[in-house]
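In the two complexes that follow, subunit A is the common piece, with subunit B as its partner first and subunit C second.
Moving on to the complex of A and B:
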């Protein structure tokens, strides 16, 4: 077996994206904490005039964490994992090196423009697709550059068989490309009808069709940004960090193709009890329920990989992060399907149970996986040991507490809210008005804010740990085969 | 109120419990294997950056569940819940019709307390958003219903006029009578026309009768509005008057109140609202 250490991997792009992950993570999560507290204390809307209102900040929060934090994490790990499992260094191809750097810098420009325009209130008003058409064109360009990087690296690989993680990265690339292109089809109003500013546009689809395309996109943005590339991470980092072979190749394969086939049909569950055709709604519900199994397949594969390795789980905080992440992945991917059952959705729709669901997935699964991945990469990229295990342990428990507070308060708030909205007196009149629900939910909104704050505190601890690992930690001579070295 | 009588509530709570229990059970099972079991299997030839893969078979429970769900999905979509065999609007219409039938028979002969309770419930949902929870009109945002109905309100209406009920004879101008005369007409009205009295000024009733012609020109000698030419004020200060306003809506001095004659309220409910609103000034 050829040692991977014989190839001199070039991590310069991975490092850039790792730092971007941390910066955008802090920004996105800090805005998230602020708007969480705005829900409990509305005066916080007026900290900075129009720029601090919930309406302006909410898309900044979602876009900063999805397209800033998570995508940077995905790309950082891609530029790390890609080279290693394909057994080829980026340094071997000046073209790929150039494309990687162009990818990063063009992306930074894109993010800067997005931040400015969203603060100015320039938006298409489509959720998670708020960017106006000129920005969309830049995003497509960034995506194409990444695609050339993926297939370029695959083209010059030494390892003939593609590792599971590569399948998932390719799926991320293809899935998002397709979704993004179709959902962002828009008519630039100025150039077509002389109306509005030059950057304004309206969706190319109207009414119900627009809603269906939007939620086909919105739901699968979750699939191909929150799920697929994160599975790519767990399939590499968990076996690598633990030194354990993946439990079952067959399970990997069936879970992958199951996920690819089933996920794309489930978006209709966002539009239950709306004007979309009944069969589309029913289809959305059915595919959502079937989706439990391919999702759980990957998680189970990871848990079974750790069979007999309780000792590692106890001693290695990175393994802890990844195992809890897999468990939150299971939790979130059975929660979604159950909320997609029509009778449950009749209560859950529009309630806080939905952001509760999203956040046990994003905080528990996505956030934990990215944190663990970056910390696994750090000693190998910077040739230093992880700065502090103690800090990492503390971070794990603080963030876990934060997540539990977050989702339990949102579960209680959401279900209470849903039941109150449905409640009627003996004469059939609605029993509660909107303000009644607000009064009841207020304490839970505060608890949610505190949960988010704890997670953010943990993220700062991670950032500090990463920074110190990068700059001040003890140097290591040789790259470890599995468990990452860390100072107590 | 029994929360669990509602199937949606019940199913949601079962669903929430299932999420926690199933996750805890399955994840718990595999975490236990981390403590007790040993990883084994035949390794595949490939090795990626030091990562190997076992050629283990699928976990049987997972495989069976997946297959079972796929079969269920196909059955449900094509046979159990066929593509063209269901319409959500149809289901809605059926449920509403069934509910209304039940409602009509259950409350066919409501007593006074029932009407007041029902009226208050409807009021809080349908009327309070503009008229306020207490009916005070929220500082002039809508008509103050706590002063609607009694003799003094008639004096006020004569002073400010009235409009917006959409009758052929049009608006009633402000200040048709001076304040003293208005008081007398009000006394006559509550004693003889609406019979909502007794009047606070019984001595003015005969003066009012003499001035009634100003009103009867439009509302008719009997105050019944001359067969739909103008509002029937013979039931002013009574639930029936409110029912009429609910049916017609009102583009009044302050704003526009929509008509509630769109099926959202039954006749019993409208009458109950009338009863309740009428009670606000008493």
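Moving on to the complex of A and C:
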């Protein structure tokens, strides 16, 4: 590790993506809070005519946080971690520098186009794959550029052995490439018919097949964007920040290959009791449960890395963020398999329990990991200490409260709704009309909105802290070895 | 044990790819042809219905509504017969949805009428007190895109052999013929509606989004 001080790492691309992470995070989460409150107060649908109705904003929210906030975070950390564990600076290769900058700017253009088109209602309707074919082409281009960056950097590396985080980044690159390509296969109608909107297309798959491909994609987009690259982060930043070696190398190996092997089978759990073949459903269910093993493997590896050093949880808020993130990871990877059990799924599917589950993963695990990673990087990229520890502590508790409000209200809402849909009176007739099952949810929707709002407030505190760290905090002479320096 | 692999990024990447790729092949492919076969009686959408389906997608109704009835008594009581795979054979994309903020719409054509939809889409609260569905006033002024719907129908006919123009199936014809048929199909819907703006536009030969989406909703059976 000594040689790392001698190489002059170039963080210009990492910094650009860090700022993008924050900007898209604010946008995506703000839209999320708005649509959460629309569920409780539907008048909020009309803030900007047709452009602010729930249907238009919902894809904007999911895509802004997945492909805006999270992907920017992944790329920011890649452009930081990649150089450091491969022991080579991007500045050594003008080509890689150029590709990195091209990657960033093309991505910004792509995001801008996506925002405009989704507001206009130009969508394929497939969740997290809403973009029409011209945008897909840009996305493929961006992805290829990133891939060239990864393998280019690996090609000129000094450290021959690939560190665990690099495995996960490679897997992210390959996994998303494969899933995205196959799920977005479509025929542009203008080229066949010579009429109509030039950007319109029709899916290559129909009905049940389309659903199967979509959820093979949808489930694994969760794998390769919400899980795999975030594990790459925790394997690098937790040991770095705590100064502790990773607990077990064998466990990391086992968890990695286990995750790769098992995850891709589990997509069927989105389609239980649907018209896809029974055996696909059963496989989806079984593999979802098996998935607990590699997921917990990684998480336990992280928790045990802190063995004997739990005091740091008190002294260092970044450790607190990362440990709670790993805990939320364990939480959502046990909740998911429970929901994938057929009889539970019969109740939970289509209800608010599902968004509840998604958010303890995204807010707790993904969000906290990205926040902690960026704050670990900040003193090293900007050569300044973190602006305020107090603010960070406050942010931690505000956001944690937000998450708890979110998932607990959605548990209650989901289970209530599921029970009411199936409830029968003494003669075996349905006991409730549909609208009864909507109205009963009002308080929970409100609580969820408040939870989301708290998380957003915390995110603003983080943004301010990051901005101040970047511009106004006390300069530091030497790069810190482990714990990030911060002003009280 | 894998140390060798970790020093060889190329083989490492190949290894990862193989491990993640074959699950997809094994789960999706075996039943692909089977799942694509339509149930007897299932017909492709007419151009007007397709235009309405595009409106449905444009406003992401599928963000709040499913179109998948599961085989439970509570669902068949509420929504009708459970879904069969072949009923979706012409659905590109599928619109099963993943969240039921509102009720399932797979067979809504069996129990809701044009008149009901007109009021409900304009102001859901006036029909169902306590509803949290947004109102879709803009559909009463936006014009439906029949041209793109026709382009899509022609595309699926040519590329995927969807049986338009075959015996007992919807007729597609040329673009001119198709627009005439769309107008003819829209007429009874417009007649059932009260909104003057929609009626005037129709008299000028314009089909509003609301007319197309009602044609689509009525076709869901």
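One rule holds in what follows: the second predicted complex is superposed on the first by the 485 of 488 C-alpha atoms of A that agree within 3 Å, B and C clash if a C-alpha of one lies under 4 Å from a C-alpha of the other, contacts with A are read in each partner's own complex, and residues count from 1 in each chain.
We adopt the following convention: a contact is a pair of C-beta atoms (placed from the backbone, for glycine too) under 8 Å apart; a residue touches a chain by one contact, two chains touch by 3 or more.
Quick caveat, the model's predicted, so the values are computed rather than measured.
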Joint occupancy of subunit A by subunit B and subunit C, clash or fit: fit
After the two structures are overlaid on chain A, angle v-u-w for subunit B, subunit A, subunit C in degrees (C-alpha centres, nearest 10): 40
Touched partner set for A:440, first subunit B, second subunit C, both or neither: neither
Contacts of A:470 with subunit B and subunit C, given as first, second, both or neither: neither
First, second, both or neither for A:422, with subunit B first and subunit C second: both
Contacts of A:102 with subunit B and subunit C, given as first, second, both or neither: neither
Touched partner set for A:138, first subunit B, second subunit C, both or neither: neither
Which superposed partner A:211 touches (first subunit B, second subunit C, both, neither): second
Subunit B versus subunit C as contact partner of A:239, first or second or both or neither: first
First (subunit B), second (subunit C), both or neither touched by A:273: both
Partner chain(s) touched by A:283 [first = subunit B, second = subunit C, both, neither]: both
Minimal inter-chain CA distance - subunit C and subunit B, angstrom: 6
Overlapping contact positions on subunit A, where the subunit C interface meets the subunit B interface: 161, 273, 283, 346, 422-424, 429-430
Residue numbers on subunit C that touch subunit A, as the complex places them: 1-3, 6-7, 9, 12-13, 16-17, 19-21, 23-24, 27-28, 30-32, 34-36, 57-64, 66, 68, 70-72, 74-75, 77-78, 83-103, 125, 128-136, 138, 142, 145, 147-152, 154-156, 158-160, 175
Complex interface listing, subunit A residues touching subunit C: 38-40, 42, 45-46, 49-50, 53-56, 58-59, 121-127, 151, 154, 160-162, 167, 170-171, 174-175, 178, 182, 187, 189-190, 192-197, 200, 202-203, 205-214, 216, 253, 257, 260-261, 263-265, 267-268, 270, 273-277, 280, 283, 346, 349-352, 354-355, 421-424, 429-430, 434-435, 438-439
Interfacial residue positions of subunit B with respect to subunit A in the complex: 1, 3, 6-9, 11-13, 15-16, 18-19, 22-23, 26-27, 30-31, 33-39, 41, 43-44, 46-59, 62, 65-66, 69-70, 73, 76-77, 81, 83-84, 86-88, 99, 103, 107, 114, 117-118, 121-122, 124-125, 128-129, 269, 272
In the complex with subunit B, residue positions of subunit A that touch it: 1, 4, 84-85, 87, 159, 161, 163, 236, 239-240, 243-252, 254, 258, 273, 278-279, 281-283, 286-287, 289-290, 292-294, 296-297, 300, 303-310, 313, 323, 327, 330-331, 334-335, 338-339, 341, 343-344, 346-348, 411, 415, 418-419, 422-431, 433, 481-482
